[in-house]
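Two complexes come next, and they have one chain in common, chain A, joined by chain B in the first and chain C in the second.
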Partner chain A sequence: MRRYAADVSALARKDLLLELRARDTLPAMLLFVVAALVVFHFALPTGSGRLAGLGLLWVAIVFTALLGLSRSFVAEREQGVLDALVLAPSDRSAIWLGKTVAAFAFLALAEVVALPAFAIFFSGIDGATVAGVALADIGICTVGVFLAAMSVATRARELLLPVLFLPLAIPVVIGGVGASVTGSPARYLGFLALYDALFATICWASFEYVVTE
Partner chain B sequence: MIIRARGVAKRFGTKRVLEGLDLDVERGSFLLVTGPNGSGKTTLLRLVAGLLVPTSGELDVDAERSGLGFLAHEPLVYRELTALENLQLFARLYRVPEARERIGMLLERFGLWNVRNERAGSFSRGMLQRLALCRTFLHAPSLLLLDEPYNALDGAGAELLDRELAAHAGTYVVATHEPQRLTPLATQRLAFT
Partner chain C sequence: MLVTAAIALIAFYVPTDADQGLSQKIFYFHVPIALTAYACFGWGAWKALRVLWNRDERADLESYVAIHLGVIFGALTLLTGSIWARASWGVWWAWQSKQLVLFLVLFLFYCAYFMLRYSVEPGPRRANLSAVYAIFGVVLIPVSFLAIRLAEDFIHPTVFTDHGPQMAGSMFFTFCVSWAAMLATAHALYRIELAGKRIDARLRELKELLA
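Then we have the complex of A and B:
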């Protein structure tokens, strides 16, 4: 277990270091999410209300995540390094978990900017929304990295990832929006936690078959 | 036998790359695989490495992943990491004992010590091949699968590799379309047409 954690940590740190050096993904995510919120701000008619704004926040989060996820295996694809990682004697699910941790960090950083920006453009954010965002991020990154690994091996990878990811993100949006807009968010937060646990288990157990023929 | 293949075939869609391959490789052998481009040399190495699965036939490889060294066409290193960081990452994943000393020794041996803190992306193709060789030999593998190992190496680099091949005991499967240099080391040959 300790070895597994060390492998995940090494792989996640590697991805964070690559991003720190290349600065490909995070600046694009930040620009996108802020730009999307600005567009939504002007697109929504005056007096549309808080609920409509919260719905658009979730749209911005999902598409920002998709932007980051689409780049999650770029270094491995362009330099063929996935073969070297797959051949290493560590558990192959560590590759998925390391990438998931890094993707979660990028998305969380984008949201550190996005949530205050939302508060400026639309309305304040309550604790339930923040909790919903945190739980949704786990699910989004868990499933998204898994699907990114699947799509990276195909020629139509840029098309395939959104096509596969968005249907699976629908429950996340339902749970996230529910947690944000209802008076009793516990049920929706529980739903998001269940989604996270279920898909994390599935992705962890089946990642090996995604990266081997 | 460390590698045993019986009737191994590999197809990609409708394209047949390997057909009916029988092969026995004993531990400690040096198998030289020759043939023109597209004849199936790389596919054979990837099958033995476990990166591909045969379409039909039986392929048994008696080696753990931790004992496998794979040199591909691509260097399989991160361009945004330095030479040292790349080797440190793989040393961690392979749990190389005394990794610091081992990495230092390989960087010295392959003439990369002075550029160890430079990003791999700034390396020439020959330097990348040297780094790829360091990665391949890093965990002292017992089964080495080398695809065109002299690719992009200059004269000095090729001599360094000659020395490493002579010094490192293990089973070798080496694919090349220029076999002259490795002929003296070869104990077994497989020629694709």
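Then we have the complex of A and C:
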């Protein structure tokens, strides 16, 4: 158990360090999400109301996450790191968990900028929305990293990730929008937590089959 | 045989619905087709599980064929549902209908399955990836169903009453025969398709041996 945690944190630290040195994913995510919010301002005619804006916030989150996730295994592929990681004497699911932690950190950092920006540009955000975003991030990252690992094994590479990911993200969007626009967010937050737990378990159990033959 | 019996029952035996008239009869096609599609997806996932657990190479093809059929039945569900919506509500597409929306999500998901499958070279890698994705699918079905239920609260507060429990005996009987007919059709198609694919694979092996 201790070893497993050490493996996961080493892998996550590797990704964060790489990002700190090269800075190629996070700035792109930040710029993208702010630009998307500006686009939404012009996509919403006057009188659309704040609910429409909150709905679009979720579109921005999902697509920003996709942007980051599609890059998440690129370095591994180009340098052939994935084969080495698979050969390393640790549980394969640690690769997935480490990557998920790193992806979650990137997405959370992007949202630390995006949510205040949304509050300034559109309307205020309540605690339920923030809780919804946090729970949705876990779900998006667990499933997204898993599918990103799948898509780098294919010929279509990054192109395939959105196609694989969006149908699975629909429940997340429903839960998130529900948490931010309705008066009783508890059941939507509960649903998001259920989604996270369910898919995290499947991803954890089946990641080995994605990276091995 | 069963299909003919089902069609005959639907056409002549079952009483025409008082409210919706003739168009209600599409119910006996729509719902059994939808349930059959679920059965195909479930069977595909079961075979996918066997690929991962038992390293059963034949199960990969079986899983693929089952999901392929599921997608065909899913497309038919969308089609019949759309016709029914047109006949009873006057629109081709109704977001209020939970089942139809669920099928749209599943249809997108399983189309992605095909993209995934055709984007990987045949071999154990492809079998693994397809199997894992197929298992994601059966988890997605209840999750999406729950999500779409929840979404009704803030998208459409109106709920259409279900036909389920208030069916008369003759209606229920027809429904069951129709469902059995659909399952039998799916089973037959599954067998034919599987045999065809296996012969195909065998032929390719022989050709390679000759070349």
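To be clear about the criterion, the second predicted complex is superposed on the first by the 213 of 213 C-alpha atoms of A that agree within 3 Å, B and C clash if a C-alpha of one lies under 4 Å from a C-alpha of the other, contacts with A are read in each partner's own complex, and residues count from 1 in each chain.
Here is the rule we go by: a contact is a pair of C-beta atoms (placed from the backbone, for glycine too) under 8 Å apart; a residue touches a chain by one contact, two chains touch by 3 or more.
Keep in mind it's a predicted model, so treat the numbers as computed, not measured.
Contacts of A:G175 after superposition: chain C is touched, whereas chain B is not reached.
Contact with chain C, but none with chain B, is seen for A:P167 once the two complexes are overlaid on the shared chain.
Residue contacts after overlaying the shared chain place A:A197 against neither chain B nor chain C. By the document's definition of touching, of the two partners only chain C reaches A:A153; chain B does not.
Shared-chain residue A:E213: touches chain B and chain C both. Once the two complexes are overlaid on the shared chain, A:A84 sits against chain B while remaining clear of chain C.
Considering which of chain B and chain C touches more of chain A, the answer is C. According to the touch criterion, the shared surface of chain A, contacted by chain B in one complex and chain C in the other, consists of residues 212-213. Per the touch definition, chain C reaches chain A in the complex via residues 52, 105-106, 108-109, 112, 115-116, 119-121, 123-125, 128-129, 131-133, 135-136, 139-140, 143-144, 146-148, 150-151, 153-154. Only residues 3, 6-7, 10-11, 14, 17-18, 21-22, 75, 79-81, 83-90, 212-213 of chain A touch chain B when the two sit together in their complex. The part of chain A that touches chain C in the complex is made up of residues 150-151, 153-156, 160, 163-164, 166-168, 170-171, 174-175, 177-178, 181-182, 187-188, 191, 194-195, 198-199, 202, 206, 209-210, 212-213. Interface residues of chain B, counted against chain A in their complex, comprise 49-53, 64-66, 68, 70, 72-81, 85, 89-90, 92-95, 119, 135.
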